[in-house]
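For reference, the structures are reproduced in the following blocks.
Consider the two complexes below, in which chain A is the common component and chain B and chain C are the respective partners.
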Partner chain A sequence: MEEDKFALVERIIKDIHLVLSKIAELRAFDIVPVDTNIRNKSPVLHLENCLGLESWCIKHVYMYSYSEIMDKYCTKGRRKTFNVSLNSERLIKLLNVTLLLNPELSLFWNKRRMLVLECLLDKIYELHFTRLILSRKPKCNDAFAYRRWLLDIMFKDDSLQNNNIQDIINEELNICTLASDKNPNNYHSWNHRIWFLNKLKTLEKQFNVHYHYIKEYNFSEQWVAKNVSDYSCFHYRQFCIKNIYLLNDDLWIKFTKSVNLDLRKTFVRILAANFPKDSTIQVSEDDLLTYSENNLVNLLLFHSVKKCYCILDNVLVCRKLETLFHELEVNNELIRFYKHHETLWYHRRFIIHEIVRIIYDHFCLTKSNGSLIRNTCKKCTYDDERQKQAKMVRYDSNCIYSCVLFNVLLTHERKFVEEMRMNFDNYADRHEKYLKFVEGFNNSSKCL
Partner chain B sequence: MVRVYALGVLYKGVNSATVLKAAYDLQSFSFFQRSSVQEFMVFVSKTIVERTQQSTRQSVKEGEYMLQVYVRADNLAGILISDHEYPNRVAHTLITKILDEFTAKVPASSWATGNESTVDFPVLPQYLAKYQNPREADALTKIQNDLDETKIILHDTIKAVLERGEKLDDLVAKSDSLTMHSKAFYKTARKTNSCCNF
Partner chain C sequence: MTYSGRNKFEIARFSGEDENHINRKLPKELLLRILSYLDVVSLCRCAQVSKLWNILALDGSNWQRIDLFDFQRDVEGPVIENISRRCGGFLRQLSLRGCESIADGSMKTLAQSCPNIEDLNLNKCKKLTDQTCQALGRRCNKLQRINLDSCPSITDISLKALADGCPLLTHVNVSWCQSITDNGVEALARGCPKLKSFICRGCKNVNDKAVSSLATHCPDLEVLNVQGCDNVSDESISKLGGGMRRLCVSGCARLTDAALAAVAARCPALATLELAQCSQLTDAGFQALARNCRMLERMDLEECVLITDTTLVHLSMGCPRLEKLTLSHCELITDYGIKQLSMSPCAAEHLTVLGLDNCPLVTDGALEHLTSCHNLQLIELYDCQMVTRNAIRKLRSHLPNIKVHAYFAPVTPPVAGGGARPRYCRCCNII
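So, the complex of A and B:
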């Protein structure tokens, strides 16, 4: 009886191996729930580029192959004398089967790493194999980690051609998209995507990663609009926004064209609608559109109080603000449409925080332990004559709370919170508290 | 993920409900599960429609899915299966719209005897694709505010909809419309869903 079972398991392993020989075409693997072997047929299914295994045989196959690997290939004492190449084919077969059934086995993934290093396993085959694993378990961190390890090696290889890199990029982003689609809140896939883009940055000599920043920015905008309670993808969105800051002039123009929206117009519209009423600013929306970046930033933030003579990049500040105010506008719409989604409000916190940080940076201030301290200039490390890191007196911080941008933001947020409160969104109150206690939006009332 | 999995028009007969037309989007399920998932969607749609009073709207939450159902006074019923991020209000407006169109296109006399192959109403797949983005449908919701007339009854689980003493497990076991394969699939799904997923 036992012998019969073993023969059957051997046969199943062989069948799976046969299907896996065409791994480049395989799209998905899954276990098909079937209680008993009633039809007396092979439980290995191969249909339309999908590999399936009937559930009744899982236990036997897994126990058999797992224990064989553990007994024969993982014994400590014999490791030194053991000749991998002799049995490598058998080991690969068993590893394939075991990892397909249970991919959360770091030890076995390490075995594969060993085989790759000894050139007994092909790297491309391995990329295909992990894709198959991820089709069933899109949250498998071991598989993602293994991919990172493989890509690291492949990118180090100088013989890698440029168009090959393009293929790898497409494939990798595609896999991340599929994994994120299959499982909401998939931290691992988004994290992998961030790692991958950062990795591309280090290869910059061969191609321009900034094009991908634009592409990913637009991709993430569509994605977050459809996944309103998935903070993992919002985190990725934040990563994309920060990448946009790095674009140079040419690419910025390309970027503004690709978003199909006049970012400056959105920005100016929000500004004009929220200018402080009592102040002397008498600029219409149309006038603002004609302002140069430099003038606009000067209007919003006054002239800098810097003591050194480094030139401030007002164009960059303006671009950052345009991007962030566009994001704020998108966030407004999402919150209005999908009510009561905490994630959207958390993303809003990020946007507000980024804008406030721009104001702080402009006045060379940072927040530390809840109190403001003066920073040294980042470029020339000019040291303030006053004692470094001395606590600011309220008078000094007034420049923040009285600047136009801060007040515009304050008015805009107050209006929005009020609107959402009318819609019975409880998160609105929490957002107000956040603004008050974390971003210091209450201080302003004293200066107005 | 905001997503619609199925749209269907059913007729609530005296004893049981029949599917007049339906469209499914099962791309997100694995290849081997698709047929079972579809059978289940049909099974659950029928079960719910049979247990919904005339001229009521219900939204039933089950696991990660949301089932929206509206049975009209004339026994025509619409069903929409989505995840819970799909706004209820939009879903119900969409159902109303589809039922209105269905009434205009298919004569009421053929409802009681019709089935999926005899009824000619080919627009469902199109709607299914279009309203994957609920904001497309929002324009439509703004015009149609008469939805408020019938209140949407919300249920947290499918158990709340079943009649007293009924159990979903028993209904599945008794059903003839589900294949052996789908029943095995149901059992496994039950087991895997019972423990938490990280």
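So, the complex of A and C:
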């Protein structure tokens, strides 16, 4: 009986291996719940590029292949210089089966790494294999880590062709999208996506990664709109927003075209609606539209306390603000539409924090341990006050709390929190507290 | 006795010093004789006993037949060079199966030092090239058997060198040496008329010309394996001579009934015939075969999709010695054919292995008929979806030692003894 069982398992492993030989076409693998097999039928199902395995055989196949690998290929005994190439085909077969059934086995993934380094496994095959694994377990970190390892090696290889890179990029982003789609809050897939874009940035030889920044920005905007509770994709969204800062002039134009929205208009509309009433300058929306970037930033952050004479890039500051206020507007709508979603409020905190940081940067300040500290200019090494680094006196910090942008933001947030409170959204109160105690919005409450 | 001459002086020297009882009582010749029965590992241990034993154990006469398969990971060039120096002309048989780190250089040393070698197995020595065979052809004229399975760098040049230098060759295996073509095989056939066995699985370039020259020049040919050589057709297979015992033409999809008829007429002594994936064969061919080849013992008919129960009728009547029969993927086979088989003379005594996987028409009835095959040890039933668990159980009750391969989940025996374990710690006597 025991021998018959082994023969059955061997046969199933062989059947799986046959299907896996066409791995480039395989799209998905899963275990089909069949508790008892009444008929004498193969548990390996192969239909339209999908591989299935009936659940009744899992226990036997897994135990068999796992123990064989552990017994024969993972012994650390007298013979340490064990030559895997000896029976690598058998090992690969068993590894394939075991990892398909249980991909959370770092030891076996390391065995695969060893085989790849000895050129006994093809890297492209491995990419296909991990894709198959991820189709069943989209949260498998071992598989993602293995992919990263493979891609690292592949990108180091100079013979990689440009169009091959393009294929790899498409494939990788596609896989991340699928994995994120299958499993909400898939930290691993979004993390992998961030790693991949950062990796592309370090390559940057034959292609421009900035196009992908724009693409990913638009992609993530659509994605977060559909997955309002997925904090992992919001984290990715934040990564995309920061990447947008890096675009140059040409690409910025391209970017503004691609979003199908006049970013400046959104920005100016929020400004005009929340302009401080006691301000000496009264402006209408149309007026603001005519301002150049430089003038607009000067208007919003009129007071600069810089001691050095470096020219601030007001155009960049303006672009950052446009992006962030667009994000704020999108966030408003999402919160109005999807009530009681904590993730959306956390994302809002990020936006506010970014805007406040721009203001701090403008005044050469940083926040440390809850108190504001004068920072040295980032561009020149002007640091006459470095020794002091004292806590800022009230008078100095007033320049922040009196600048137009800060007040616009304050008014806007007040209004929004009030509106949400009417809708019984509990997170509104928490947001107000956050603004008060973390971002220091209470310091200027007397202004209102 | 045969210890090599150059050691005589040393033996005399060391045996004089040696005070051990065994060495004083036994003459060196007898010691040597005893050592000659030991295996490689024991010999190496004996060689560490004393200086005298070292000389005796490492004497070439003890090292005529060496198989290094168990040490394949450790064997490297210098090992082979040492062995060839020690053994010299004594070496008859050497197996380096799986010793992948062996290269041409050490094989050249071997060929020079051991001219009397008769049997050389180089299976999977992937680094070896034609230079090895050229050296063998120059020096080792007594070579009878050579196995070059899975040495991908071997080409026609090797076969020509062997044909020129080793006329005594009887067994040649060049499977998966994909560069081999009809030119090399023809040279071999002309140079080695004593050839009995030629195996070239997976050599895509071996064609009719190659097989024809083997058939013409090697009258003693008994074994031919051209599995996967899909250029081979009826023309050459029909020329094979009467000595044939084993023929494997699996994967030669161009073969038709004409080849079977010719084989039937010319090779009455055929014992093994493998015809997997020869999908053009029909009942007519097997009728002719069964009429003449009465010695057939093993047949592989996997994916001969056209054959029906009629073939089984012919086989059961014509081949009383049939032991092993594979009918995988022969989708037209039904219970009737199995019934005929089980009633045949071969069934009761000889039939041991029967492959019926992927025969969709086979049902429980077939298994009932097979209960009369007392010698049946293995039956394959994968994907025979009409076969039920009950029928298998019944078959097992009739033939208790049979192995049944099917896709039924193994019945896990109830967990026994697990609860019986005492619940207290054995090492402490508190409870």
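As a convention for this text, the second predicted complex is superposed on the first by the 437 of 448 C-alpha atoms of A that agree within 3 Å, B and C clash if a C-alpha of one lies under 4 Å from a C-alpha of the other, contacts with A are read in each partner's own complex, and residues count from 1 in each chain.
Heads up, the rule we're going with is that contacts are C-beta pairs under 8 Å (C-beta built on N, C-alpha and C of every residue); 3 or more make two chains touch, one makes a residue touch a chain.
Note that the coordinates shown come from a computational prediction; the quantities given were computed from them, not determined experimentally.
Student: Please tell me, clash or fit, for chain B and chain C sharing chain A in the overlay.
Tutor: Chain B/chain C on chain A - fit side by side.
Student: Look at A:Y338 in the shared chain and tell me whether it touches chain B only, chain C only, both, or neither; answer first, second, both or neither.
Tutor: first
Student: Now for A:E439: first (chain B), second (chain C), both, or neither, which partner does it touch?
Tutor: neither
Student: If we overlay the two complexes on their shared chain A, which of chain B and chain C does A:E413 touch? Say first, second, both or neither.
Tutor: A:E413 sits against neither chain B nor chain C.
Student: Touching A:D181, do we find chain B (first), chain C (second), both, or neither?
Tutor: The first partner, chain B, only.
Student: Tell me which partner A:D4 touches in the superposition: chain B (first), chain C (second), both or neither.
Tutor: second
Student: Can you work out, in whole Å, how close the C-alpha atoms of chain B and chain C get once everything is superposed?
Tutor: The answer is 16 Å, the least C-alpha separation in the overlay.
Student: On chain A, what residues does chain B touch that chain C touches as well?
Tutor: none
Student: Can you list the residues on chain A that touch chain B in the complex?
Tutor: Contacts found on chain A: 27-28, 30, 32-35, 45, 47-48, 50, 52, 55, 135-136, 139, 181-182, 184, 225-230, 337-339, 341.
Student: Can you list the chain A residues touching chain C in their complex?
Tutor: Within the complex, chain A contacts chain C at residues 1, 3-5, 7-8, 11, 36-43, 56-57, 60, 79, 81-83, 85-86.
Student: Can you name the residues of chain C that touch chain A in the complex?
Tutor: So the residues of chain C in touch with chain A come to 72-73, 98, 100, 381-389, 403-411.
Student: Touching chain A in the complex: which residues of chain B?
Tutor: Checking each residue of chain B against chain A gives 1-3, 28, 30-33, 85, 87, 133-135, 138, 181, 184-185, 187-188, 198.
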